[in-house]
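Please go over the structures that come below.
Common to both upcoming complexes is chain A, partnered first by chain B, then by chain C.
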Partner chain A sequence: MFAAKSISADHKDLIHDVSYDFHGRRMATCSSDQTVKVWEQGDDGQWHCTASWKTHSGSVWRVTWAHPEFGQVLATCSFDRTAAVWEKEAGQNHWLKRTSLVDSRTSVTDVKFAPKHLGLQLATLQLSLLEPKQSAPSNVSSGGKVQIHEYSEVQRKWNKVETVVMVAEPVHDVCFAPNMGRSYHLLAIASKELSIISLKPLRKDPAAGGTGISKFEMRQVAVFDEHESQVWRASWNVTGTILASSGADGFVRMWKANYLDNWKCISVLKGDGSTGEGPASIPQNSVTSGAPSSIPPNGAATNGSGSSVVSHEPPARSMNIKRNTGWPWMDIKKDQFKLFY
Partner chain B sequence: MQAAMHSVTRVVQDRVSPPSNQTMMFNCDGPVNAMDVDKDMNRIVVAGRQVFKIISIDDDQFTEVVNLRVGKQKNINLSYSAADVAWNHNDENMLASAATNGAVVIWNLGRQVKSKQEFVFMEHKRAVNKVVFHSSEQHQLLSASQDGSMMLHDLRRKQVSLTFKSNSDSVRDVQFCPPSHGYFSFAAAYDSGTVQMWDMRRPDKSERQFTAHNEPVFSLDWHPEDKNWLATAGRDKMIKVWEINKQPAQLAYSVQTIASVGRIKWRPQRRFHIASCSLLLDHSINVWDIRRPYIPFASFDEHKDVATCLIWKDEPHTFLSTGKDSMLIQHIFNDAKRPADSVIPAGIDISIHGDFCCAFREKNNTTSKTKESGSKLQMFRRASSMSRSEQFFSQASSTLSMFQYSRDPNDLGQDMLEFSPVYPCPHDVSMDNFLEMAKNYRLKGQTTEDLCRHNSAVASNIGKTRVSHMWQMLGAMYCTKTITKSTLQVPRTASVTPNTGDKQELDKVKTTLVVSSPDVEIEARADIDKDKKMQNGEISTGSDDDSEGESSEYEKNLANIASGLGHNGDFFFGDGDADIVPYSLGMSIRGNEDWTHLPSEAFQPRHDITGPTAPPERTYATDHDALLVATVESDTLGMPTPTDELELCEQYLNLNIDSAALLMGPVVDFTSVVVETIRFFAEQGDVQTSVSMLIVLGDHVRSHIEEETQENWFLSYIDLLSRFQLWTIACEVIALSHLPQVCQMNQASTTIYTACSQCSRRLENNSWVCDRCKIVTNICCICHHPIKGISVWCQGCCHGGHLHHIQEWLADNSLCPAGCGHHCEYT
Partner chain C sequence: MASSSEREVDNISLPLPTREHATLRSVWGLGNQLFVYAANRDPPRQSDGRPSARPQTTDILDVRWNADMYGPVTRKLVNESHSVFVMLQGQVTSHTGSALYSQLKKASRKYRSVLKACTLELQAVESCEENAEKRSYYDDQIQLLEIVQLIWSLCEILFIDISPGEMVLTQLLNWIQSHFSYGRQLAEEVIKEEQADTHPAYWQAVYRLLLQGDVDRVRKLLSLHTCNQTQPFASVDELLKKMPQWRTTHAMSLAEFDLKWRHWREECMRRYEEGQFTAFSQLEVVVQILCGDMLVFSEHRDLCETWYHLLISRLLFQHPTVRPTDLSLYAQECMEEFRRAGQRMGDLDNILLAAFEFDLHQVVKDSSTYLSGHSWWFVAHLTDILHHCGQIDSQKLAFGSNLREYLLLQYASGLMSHHSLWQVGVDYLDFCPVLGREHLKLFIESLPLDSERKANKLLHICQERDLSEQAQSICKVMGMRCTDDGRLGSALSWFLRSKDVPAATRLTERFLQEYKEHGRFSHVDLLDHLGPTMLLTKQLTFLGKYREFHRLYQEKDLQAAASLLLALLAERVAPRDFWVTLLMDALPLLETPQVVLGTQQTYELMHCLEELTLELQKHSTNAATNIGARPKSPGVRVSATASTQLISESDLEKLKFLRLALARNLSRAILHEGTIAPA
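Entry: the complex of A and B
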């Protein structure tokens, strides 16, 4: 069972994102008050704020952790049209701004680190940061549709391979489930409804070689409108078996598939941790009628799952995870101050 | 000049169907720096480098009335290019403009000649940034210039009456105090970030001053109602509201915007609202509620370039703006974007342990509370807009909640149980099971059977019945006892297994029982049915197709044999609980179960299977099987497979034939169904089970699964283990993997490079002696002896020593013992 505990976040405005780090020891929150706070779980199980600092000159939309292989690194993106990368100084609770990406001409609404193997692949750049949203507004038609993009190493660019046509409403969040050796990918889309899309890579035509765009068999596994209004965020657990979604109705719902691949709600939790029964009596809280087309889908899914990488050779199954050269990779000069796990 | 060539009246219509107020646009044919309206808000003067026009405001359109940039081409000098413009509040014909050449130009619209220029003051030495008329003294014009001075011009005498000098600091903005608050006061903003209050009667010295910003202040605005509030804004992207009645002036509110702020203007009748436009980058005009300084209350995006000037139309729902994009726009509040409505007010994330954290917008119905704090102006507000702004303000906070998972409510602690709500949830949300299994699984060191038995016990301990049973079945299938007693099968097996090359492999092959696929299915089902008489969909799923796909010729042979024996019987092994029921696929599983509690297993076990069972205990349901057993010897010996393997097998068979059990099970090839099961677990996201089974079964199934898939599973599992910081287990898995790509993970990055502690040079050939310094490198800083054994060293300064020496040292000191001054960290 779940026990809810309210934390006094002391953010001065809305909190837009929470994010656990790789090992679940730390958590970061970001807010419209332009700050990011990092929380750590003490030995007593309580969460303490260990760092709080002003990151941007606008609302901070999202915060995300890099793989700890690269050190304690956070990325944030903001209304102020920049994305920033922050690194914790070893032994101190200072977070230093490592870079600020100012390419965008509009609000940067999402930021994600590439999967670890891509990061190491681009080790010369320190971090490979993929910002799907920065380019997305131009090529996404009004109303949020979700597009799946794939990186072609031969062409050295991202190609659109798929458009999710099932979703017509503006999309607030997309989230790939950790692959965990499945032969398919699960994509959760938080829109007006919560949809789960399964993408099964189809066997590639060997004649096409590595240049061909991989095809996916797309299937809508589940659609849920239990939130009755907008679904804001969705998040998978570490094995990709449980999906949690938070909606404008103020509830968190957890979803799970049974062995027959039927997705069902397994738990409904009142989001603010207060005692409240039943979602029926919750007043609708100013759900925007004007669809926020300003929030483009980050479906330009350069997302976390390794699916987006295509290898040179025509693979027997097109799902080919690129390998790095090995375990944490160390350059004595460059990395000597970094904390490795 | 292009602008001059335009006809005097020009109509640009924005929208045709008009309510009284609507968004209107007008193209001024050139970037506009400034504008002002006459006292009745009927006409606008817009001014820029190449624009100087009077435009009338009609109900539904802007109409150009006068173009002041007229005359012969050569006469149009810099005086016609205005940085700022002001309309006299009392004389509707009088305008003043500020030019970049330091001129302050007075225009008289009443002049009958084409050129309306009346007089030019050339007192300022550098560009004039701002001109402003006194609100009631119609002949007093104040100008502020880059040269650091402000001049009060007397328009009747046509001369400068007063000069206010700052300390050589460019004046960016100057504003008279609203007449109700002070007749003689004005405030000036400077490049240095200083704001000064002046009294016109004391031109020698400013009344007071304070540093408002660290960078140039571009704009300031007196609050129209509260005489103690002054807003300033500047290049530091800040809008600040000062309480100037305090000494020193106190910062009451501040708003951080995303770009340098060029102009600010309080919204009339809204105490806390202020509009801003930026100097560069941001093209929108934002209206902020200073009580919620992070998200604009409203945003207007009509301009295609930065807006330069904005003026409210004396009521809070309409304002005019001009921009570098040449446009003059009348904005209506109804058309505003509400950025706060489009933000995502919720965040959620699941930690790897299954706890999750979520942030939600706080829903407090504070309308009544905020009503009290509102000003008396509330009576002017329309109900709808009030609720809007109050709602905006009240939504500005989030709650952050942790949802901690616990199987046992008592773990949560008493206080949590008492004070916080508890939600039921299935157990598999947590990753505890995963950890338990990862830690306790045995993957090597014993026979397959023992490993399976152990792992089965591990799984059943934590309630993973399905996994537990699967392990048990695997143990039974690949039981070594079976092999020794089922050597009768060996020849057949060997003959049909193409990759058996030698005797050694033959031993392994012996463990493989071969039978045609339908029987396999039956076998698997039977075992389950024994428990619950319920068909577990998973095992039969697709096994028909796949095993057929994988079956090769020899399997067909076997199928023939099997069918000849009448394999439609049911084979059992186990406790001999041979109650055979007809199976119906997937029956009763999809019943009307309460879905809020997903069953973690497809079926409920009636009792545990007590360990793997040996073939002698097998019972046979049909007589045909006995027939098979009886004939098996001749069958196998007579099988015409002229291979070496067969010969080997026959030899082996002969050796062991005595020990062969009398009752032999049918020839069963579990491999395809086992492979299917392993795949099934992976598809379900349980890569742990897949990988563990893969390792334990080893060669039995390895060749039947694509290497890429296996690799993918291994990498996923290893990644998962490292997320839980189970490094040892991860390494064990890596080591046990037979995939070269995975095994290599343990071999990469195993080199440790050392550097000389004196010269920081990397030691290439000899890791003990530095070539350059000619010294032995690993000398303890404390005892100065070479270190053998455990040592620590600081990666920052390369100094270190014996572990106990350093420990002693660090007990009293924080700096490096070598005296290099480094704050050593031993991590």
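Entry: the complex of A and C
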């Protein structure tokens, strides 16, 4: 059933992130050795490294591709407190730094491009040196750690529409499933457990008019504690039918719903490891309160009121959505750049 | 059912290290593909910022699954079953009633024959294969296909090809005969022997064949026995000859057959009880089987190999007219019999039992878990047929559609991950009415655009299905790629196809810039054949028209060229920074021997020139004040800060020439028009 092929990435240190371009023929890896490598799949199915260059003066945490509609563009973020945007030079395997975002005073831990219909926008996430501010005490008491925000076209701002009360532990990752025609949205939350929440949009109150905030009927579809302790990451496949999660037990697990909508683990991937001490036990992390944030692949709201973003309480990190200027391709869909805050 | 849920989980061990403080992480690839790598635990902490001292392995594993269908032989299965599938879907909409029913039966047989052909081919390939590893791979595949055929044929008998008033056992007997061939093999070996009955497996062959109801062969074998002339042998032969056979051509009802069969069995019993066969103990077993003796079946259980063979054999000699609904009772008995003998019942046994119990949902469910690890081919196609037969209720499931669509989506998703089978997948998605389209959209967005050909294929698919957003995205991506490769002409044509205004504008400006620098056009072909697409952007319209002007000029159609040029200027189609170039282009037209530009046209040109000069002057004074109100000569000077808007000294000189030429042309035109006018 399974076929595994090894790609020797040849980084001099631990790989932090692997990112796959939208069409699946390119891959970028980043590592503590401060470099980024770009890989291309040849006709023989083998992966070849086409570029490798030093990007930052610290560990590179994340690397991510912009949609190919914008050409070949990568964004990276690093311990050196910067995030950078790279573009491949036309006709060559050479990557040029287009911009370096130096706003952060701390390590930049995540970087993500916006969904392509918003144009080329970038969100970065940084570690906060400040004590987590408890701006909304009610949230803390109710224990909700995940909030759903929705962009309102009319008000031009993000509104908090829901708080997921089912998850009370620190959250490490959230991920919306691509909506392939379901009447509801699926949200995977990686926390102490892996939970899958379904959000069914309720009909908007017509009296509230266009400014009405959408309401969702939330249901916990599944909770899994198979990872035994923290779940670090969760990600959906292209159609939002399979969820892959990686956790503190050192395994990658895949989850899938059968036709009765029962979610089950369908496979477990594990290393055949050398140290053989079994799953590593992870001491409680002091900085777990902040977590990578994600922009869902597409608008989570149904009736054209834009897309939604999920952030976490308490706000240990601040989020900037940057508008890039002075970049020759930046004028795509000019008007849509109004959508930043 | 803890055991079954455990069974459903695949445990995969990957050649990656497991360390303390490390975890495996995964990234989705295309379709059923994951990249797995070892990484530090998440999230990265400040203290992790420094490169760790330990050298780490940095391998990334490219893990794929459901890849079984991608072998060269099984791909044929995919393609051939695809055409059967598509045809069937067409017939479902155009036929009804019995016509549809016969088509469904036909389709089921076609699927089975495709399967059979595939198995045979795999066997041929396997026998030529030297590599032991590959051999075992092929062996697995063959086994899988055999199992699939076994289940499919049973389901066909019980659910698809149902004929009330017929004896279901005849079909079941065929089913057993085609899947258990060892008895026939043995018989052939035995017959080759000079003295058949000395062959150690002589009696085994006889029993095996008899248990499958293969009366003709049994008689043949018995006739080879040295004692075949003796009374007991003759008696058995007579009994076998008399054994009632169900023929569809006989106009006989089940009740009539049953009566006949009972008479025959009574005769068998009578002869057995008379002790006719005591001299030959082996022959006695034959008659015991004919009598349907429970004990003898238990004793010779092993000759049946499986409980379902035993079931059919027992039914043949005990209840040949069994009704389908009663099958489950006997099936459980036989299964129990084997279980008592210490045989473990596996997934296949449960699936078959569920089929005998007419629990189709269980069949599909178990087949999904048991077989779909390899491929969803089987359950998807079988369920589709059963759905059309009305055997599986089409209730809406929690995920948004029915079981048929769920399974088809699973199968198609596997195909979409493949570099060439994706086209087959598209057709399957088309027949998923509820969620197929959305799936297709998501897949199309992530399919790699390896070549222009593939991009065009995808575009065609998008157009057929009215997926304009996806089509646009494809064109845009292709355009960007061409730009990256420096093929600006193809890039522009891709952008034009996607009606991508900003990108087309950008490229057009690049073309115009190129013209300004080099004084010539690249991609002339494309520009000459723009047609109505040039109306997409102002710049492009100008570029197209300007190129047309050059063409007219080259073709010496000076009148047309002149009026086009004038139109470009007067109607403000041309961007301002191109005016100097355009006005310069007018120069040769003014200097021709004949008068090309009339008075009115010359006035208009002069007007344009005046407008431009005025603007330049205004601009330069503005620029001068901006710089610091340094007194400047009233003439137009190129200022460093505003260089983009202004023109060079040499151009300025040229404009002076132009003024002169215009004046000269005006005088010529007045004269010219004056001489012709009198009439």
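Keep in mind that, in the parts below, the second predicted complex is superposed on the first by the 245 of 341 C-alpha atoms of A that agree within 3 Å, B and C clash if a C-alpha of one lies under 4 Å from a C-alpha of the other, contacts with A are read in each partner's own complex, and residues count from 1 in each chain.
The criterion applied here is as follows: a residue touches a chain if its C-beta (ideal position, glycine included) is under 8 Å from a C-beta of that chain, and two chains touch if they have at least 3 such contacts.
In this text the structure is predicted, and so the values were computed from the model without any measurement.
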item: Chain B versus chain C as contact partner of A:70, first or second or both or neither; value: second
item: Partner chain(s) touched by A:155 [first = chain B, second = chain C, both, neither]; value: neither
item: Which of chain B and chain C A:57 touches, first, second, both or neither; value: first
item: Partner chain(s) touched by A:88 [first = chain B, second = chain C, both, neither]; value: second
item: Shared chain A contacts, counted only where both chain B and chain C touch the same residue; value: 1-9, 11-20, 22-24, 27, 29, 31-34, 47, 58-59, 61, 79, 90-91, 116, 172-173, 178-183, 232-233, 235-241, 244, 246-248, 250, 252, 254, 257-260, 264-276, 285, 288, 290, 292, 328-329, 332
item: Chain A residues within the chain B interface of the complex; value: 1-9, 11-20, 22-24, 27, 29-34, 45, 47, 57-59, 61, 79-81, 90-91, 116, 172-173, 177-184, 232-242, 244-248, 250, 252, 254, 256-260, 264-276, 283, 285-286, 288, 290, 292, 294-295, 315-317, 319-321, 323, 325-330, 332, 336-337, 339, 341
item: Footprint of chain A on chain C - complex, ascending; value: 5, 8-46, 48-52, 55-56, 58-68, 365, 368, 373-374, 397-400, 403, 406-407, 409, 413, 434-435, 437-439, 441-443, 445-450, 473, 476-477, 480-481, 483-486, 502-503, 506
item: In the complex with chain C, residue positions of chain A that touch it; value: 1-20, 22-25, 27, 29, 31-34, 47, 58-59, 61, 68-72, 79, 88, 90-91, 106-107, 109, 116, 127, 172-173, 178-183, 232-233, 235-241, 244, 246-252, 254, 257-261, 264-282, 285, 287-288, 290-292, 328-329, 331-334
item: Residues of chain B defined as touching chain A within the complex; value: 237, 256-258, 281, 292, 294-295, 337-339, 341-363, 391, 395-407, 409, 412, 416-417, 420-426, 428-429, 431, 434, 537-538, 586, 589-590, 595-599, 602, 679, 682-687, 690-691, 706, 708-709, 711-713, 715-717, 719-720, 723-725, 741, 744-749, 753, 755, 762, 795-796, 825, 827
